[in-house]
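Here the structure is laid out as structure tokens; the discussion comes afterwards.
In order of appearance the chains are A, B, C, D, E, F, G and H, and numbering begins at 1 in each one.
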Amino acid sequence: IRVGYPEVIYCENKTIPQIREIIKFMLTKNNNILATRATKEMFDKVKDLDNKLKYNELGRTITLEVNEIKKTDSYIAIVSAGTSDLAVVEEAKETASILGNKVKVITDVGVAGIHRLYARLDIIREAKVVIVIAGMEGALASVVGGLVDKPIIAVPTSVGYGANFNGLSALLSMLNSCASGVSVVNIDNGFGAAYNASMINQL
Amino acid sequence: IRVGYPEVIYCENKTIPQIREIIKFMLTKNNNILATRATKEMFDKVKDLDNKLKYNELGRTITLEVNEIKKTDSYIAIVSAGTSDLAVVEEAKETASILGNKVKVITDVGVAGIHRLYARLDIIREAKVVIVIAGMEGALASVVGGLVDKPIIAVPTSVGYGANFNGLSALLSMLNSCASGVSVVNIDNGFGAAYNASMINQL
Amino acid sequence: IRVGYPEVIYCENKTIPQIREIIKFMLTKNNNILATRATKEMFDKVKDLDNKLKYNELGRTITLEVNEIKKTDSYIAIVSAGTSDLAVVEEAKETASILGNKVKVITDVGVAGIHRLYARLDIIREAKVVIVIAGMEGALASVVGGLVDKPIIAVPTSVGYGANFNGLSALLSMLNSCASGVSVVNIDNGFGAAYNASMINQL
Amino acid sequence: IRVGYPEVIYCENKTIPQIREIIKFMLTKNNNILATRATKEMFDKVKDLDNKLKYNELGRTITLEVNEIKKTDSYIAIVSAGTSDLAVVEEAKETASILGNKVKVITDVGVAGIHRLYARLDIIREAKVVIVIAGMEGALASVVGGLVDKPIIAVPTSVGYGANFNGLSALLSMLNSCASGVSVVNIDNGFGAAYNASMINQL
Amino acid sequence: IRVGYPEVIYCENKTIPQIREIIKFMLTKNNNILATRATKEMFDKVKDLDNKLKYNELGRTITLEVNEIKKTDSYIAIVSAGTSDLAVVEEAKETASILGNKVKVITDVGVAGIHRLYARLDIIREAKVVIVIAGMEGALASVVGGLVDKPIIAVPTSVGYGANFNGLSALLSMLNSCASGVSVVNIDNGFGAAYNASMINQL
Amino acid sequence: IRVGYPEVIYCENKTIPQIREIIKFMLTKNNNILATRATKEMFDKVKDLDNKLKYNELGRTITLEVNEIKKTDSYIAIVSAGTSDLAVVEEAKETASILGNKVKVITDVGVAGIHRLYARLDIIREAKVVIVIAGMEGALASVVGGLVDKPIIAVPTSVGYGANFNGLSALLSMLNSCASGVSVVNIDNGFGAAYNASMINQL
Amino acid sequence: IRVGYPEVIYCENKTIPQIREIIKFMLTKNNNILATRATKEMFDKVKDLDNKLKYNELGRTITLEVNEIKKTDSYIAIVSAGTSDLAVVEEAKETASILGNKVKVITDVGVAGIHRLYARLDIIREAKVVIVIAGMEGALASVVGGLVDKPIIAVPTSVGYGANFNGLSALLSMLNSCASGVSVVNIDNGFGAAYNASMINQL
Amino acid sequence: IRVGYPEVIYCENKTIPQIREIIKFMLTKNNNILATRATKEMFDKVKDLDNKLKYNELGRTITLEVNEIKKTDSYIAIVSAGTSDLAVVEEAKETASILGNKVKVITDVGVAGIHRLYARLDIIREAKVVIVIAGMEGALASVVGGLVDKPIIAVPTSVGYGANFNGLSALLSMLNSCASGVSVVNIDNGFGAAYNASMINQL
């Protein structure tokens, strides 16, 4: 990974010994660490390596902050639709934080109850960049895109069933957003959205 | 077609002589007539059959009202997103009208400029049933569904390009709507939505 | 949720503690409750909260009726093809009931044995609105649509294998129905169909 | 081609000179000829080769009967849903005829008006093998399959629009038919269905 | 099921008590029985009902022959490509047998070793109707179709991985077969193919 | 449109009279204008409205600059793979320019000749934000993403044939980019990418 | 382009002036030239540039041989199924030739008439590398792969209709070939197959 | 399998007794053996058959070298992107080795860190044929194809999530590679790539 500060490990498809080895090596370099898609079992089998290692169960991240991170003044707003999208929200939040960003999280503002979104609109509008996380029909990205004049990074989630086709409906929705200023990352890719938002927030 | 009043012809894939023959025969029965997906050329080649035949160019419909139609008191609201959806709007409007429904049309209220939707919300809420017509990401169906407590019939349109896949994005969006009370008809099927809405409006 | 009477919880992707918390909170408001996609284990872990909580195993619903529900005079007909569609039938029936509708259920009338459908046609025709639930090729929606002059809400189910692609065949069939008056909800969405039908039945 | 009697040419993607050449050569062998997917222009440019060459415009076939064909006693029933499926009906009929089969054609019996199918049921039941041709949701194959105890060869057609995806909806429907005894050929493949039916009819 | 002789149960998505109930009821009618997609566990929980119930583990069928079945003189050839297709072969064989057909099974003749197919060609050519079962690229159907002048019912199987997409590659292959006389049933549908072949074999 | 400066018209699916009407109205407001997806014929039929109207044939844009646009100091780099992607490049360039951005365009640096990309790397690295436009396999986005530490907005193009499926291959590639910092807009959406980049460039 | 000898132009999506410009420039370098996907009109508008420019109408290639090409001793066999695949055959042949390879072309050996393939098997087996070109179900690649012990490059073609989905059926077939030694290039990509085969032939 | 030396077993969908039987039989013929897609459990249940049987856990292969294999002088380079692709790398390596090829493996050179690829370029360029294994967006195949003048066999892997669709993104990428000289095998098909490469390496 090119960024200086945290080293990043993508744990999916890696064995626990592999992950242990990588973390051990990273610890020698005295860098902050972010591991994504880490199961609880993975964490339990590596946590003895350093007692500052932290696990976010919902977000499936392991983090280690050896160097204190100075946060930005401007912030990233992470906006999400339903409670089922929270895993992706947490992955994005942990990523943005360890990359040194101030983050504000606004959840449960799906378009079926749009008044809840309006109640939080000011906090979204004052962000420097906005991450919108939504499954099912992903309409939230367009609605936020229409109301907020900031770059929007949309994350479709695989939440839903049937004709949702594991996130395809939200993905296509977001790619076809009629609101300008919306770009899209892979389904469930909270990490990628936050990495992207961090770059923009720190320009 | 089962409804007593208008006879309906679906012109796609039919030759002009076939359509002429069908209309001629219908005229003998003294019924109202609705022909959908009719090209201008088709109309020009049949209009001599009866001088009451009317053509809606945008909606591609031919209609004939031999028996005056008494309209309902309650009405169907037809709500659409962009100017490119107007062909489907017109098909729905012509269908609903000749089936005897009062219709109110609210266009250009796509979610990218959601304030325009709010400005027309009262008129939508007072309808007995609502048709929502939208292409691209089809978010309008969910937003209207969240704001209005009436049955919503959503029509995805093939308007868009690229990852829109000829209406697939709007179709999947609408099928996965997080707002309750939304059901869906085929892409560009303004006729079907109006037929359905008419049944509900006349219950 | 906008409807006054029951509160609705969608249990998929929620943890048992989350569901317990939501139900506890709802109980303080003295409302009826409907939880869909609830596993037996979920029910076992929340049933101590109120001894009126009921579980429908096939339909995967938890319901609580604290306020007696006055049922409509008109009724919703729920029509289904095979025994494998019964889970969706039960979800629809529980939803329609707690929303205050009289419901009549007609099962096992798939088109391979169409005489069984004819035997029950009167009861379907007298409904105010009809829900048709079918998997595999979903032909039942078109056949009922052709025989019955009422609004039809079609629910494709994921029952089948191979080229059924988890409900895609029935979904596409129903969207392309040659019978007028058929609208469609998501694959396996018995809840959505019943919510929709309830709105129409109570117009 | 293995069958002794007619030689078959598939004209799609062939140039007129190529087709002329093939027919010329076939004429030397004194066999019957069937050319499918032939445009009017193709016919006009080859008809001078033999004045017995006949063109079926709707079915896009060219045929030549130099040897009188003795027809079977048993017959193939070709059953179709809408007027838009007639091109495929004609291709199947021409193919079956030149292969020496007695054919009975029953059109316009789509499931939206199922009484019309019942009116013709006897003639279908007495066939030795049945070809069912339908577009849109292709429900006719299942309905006929449920009512008739003969092998059914189903031909999905590309008739329809939107979520029909050029015949995919009818194709999937037919492959998932809940009625036993239905097998399927390619979209719009009237030739293949008739060839198949002919083999069965002449067993 | 319409055929007089065996009653057929499709066990997928049915509970063991449901299946027990159905078999019990069938036993009272003194008919032969065929149950498909039955797990070993299902069989173990119903075998006490009648000691003539037999289980085919590979084919996942339960059969009961109370009335001796007189077999046809002509036979159905079941031809398959690889050892992984054998489950479907067995389902087809059991179905064809209990429907009263003489059956000859030719396995392991996939096109990668085409000489093995040639070695068995005579036996295939003398069948009245041929079932070809193949996964992966499904080429066997076309090759057999080109060599044998009998109706071919092709069954794509879900055997394979990657771009096989659970049988889609074989399904599309078979639908597009360049050999005439090939019709297709659903992926893995050994039952449907045999039912169909039986109809033809007994014409 | 929310941005103060230029008004934007999307010409696809609009008639020439409609476009004339919109431009006429915009001219009264003395704003800059950007029309995308405009055919040459459209331009010819509106250019009399104001002699400052300019047409970019390759990019299919009409622009009008009534208010001089002050350009940013930082710039947007637009990087593209092949000559066939130039239409999208031009749409992006015109959009970014009229929105007030300095733009540098680097074309013909596809990964098949990666040395050409290296030769231009400095100019890309010094941009504030980078737009990468590529068809076929879209690998360029990942390669630039790996070499440049700036936010990347990737635009898949529909250039290619066969398994390209009108841009699907590049779209999926870009969504799955192994390089961090890449977000994606719709196929061929040069406008959207530039709008997005402009927001970031002007933060 | 990396290869020393011919320069290659891919004409699709290029304007005639662009192509003229490129050829003019290439002529100054005294290299052989290959242009693929060139229309007749393109050729007519560039042929004045050099009277050695040749056009292959079926293969849509323009070639120029300024330096005599010494051909390899070993040869590439190009094997194809039907007459409709000939355009791809010609593109492959022209490419292989100008790259300096001896080529032998074997056409019309589709698996529906497999004896024709056997008749030509020796010539295929003696090639150093084999290109197999087939549309529809693409079975030819597997059959040749099973009979010939040489590397096979398979080219699916878009020949077919319906469930062929523009070459998808042949593509998936070939990717899933049960015969070892088969690799695949894009649909209709005769150029790519020949380029690849040339590399192997000249190892 | 046609090659003389090792016999190959594809273990997926085979039972342990079946595999035991096959290996036992092969041992009698004194040939080398390669079994792919073998689970650890399979190996444990067959390893008593011969104490030279070896298991590669990551590559899921069982091998037996009874006849010493003389390796080629030229070598196959196996190049891969990420650590998650290693299973496919190992399958390819074991296959190529037992087929008698010298193999050099270059891993962890994905395009996000392209300098690592450059560091190993010499070793790749000196190979006779190159296998490129990559998941996600599969860009590595195009980059290597652009830098190396050898035949490239690309293997898409199913590594990734979301819009990766189990390897579809890498598959389409590789099929659409803008670099000449790239052909493709099935997703995760390390065996097929190595078999193919071996043929070329031993020409």
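Everything that follows uses one rule, which is that contacts are C-beta pairs under 8 Å (C-beta built on N, C-alpha and C of every residue); 3 or more make two chains touch, one makes a residue touch a chain.
Source: prediction; values computed, not measured.
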Strictly by the touch rule at the top, which chains does chain A share as contacts with chain G? F, H
Work out the mean Cα position per chain and let me know which chain is farthest from chain D. A
Between A-F and B-D, which chain pair shares more contacting C-beta pairs? A-F
Counting only C-alpha atoms to place each centre, which chain is farthest from chain E? F
Gap in Å, rounded to a whole number, between the CA centres of chain F and chain D: 50
Distance from the mean Cα position of chain B to that of chain A, given in whole angstrom: 41
Return the distance between the CA-based centres of chain B and chain C, expressed in whole Å. 27
For chain G, residues that touch 2 or more chains besides their own: 146, 162-164, 168, 171, 175-176, 180, 186
Make each chain a node and each touching pair an edge, then name the shape: line, ring, star, complete, other. other
Strictly by the criterion at the top, what is the full list of touching chain pairs? A-B, A-C, A-F, A-H, B-C, B-D, B-F, C-D, C-E, D-E, D-G, E-G, E-H, F-G, F-H, G-H
Taking the complex as given, what residues does chain G use to touch chain F? 12-14, 18, 156, 158, 166-168, 171, 186-189
Within the complex, chain F is touched by chain H residues 81-82, 110-114, 136-139, 141-143, 145-147, 160, 162-165, 168-170, 172-180
Across the complex, what residues on chain A touch chain F? 1-3, 8, 128-129, 146, 149-151, 153, 171, 175-176, 180-186, 191-193, 195-196, 199-200, 203
Which residues of chain F touch chain G in the complex? 83-84, 159, 161-164
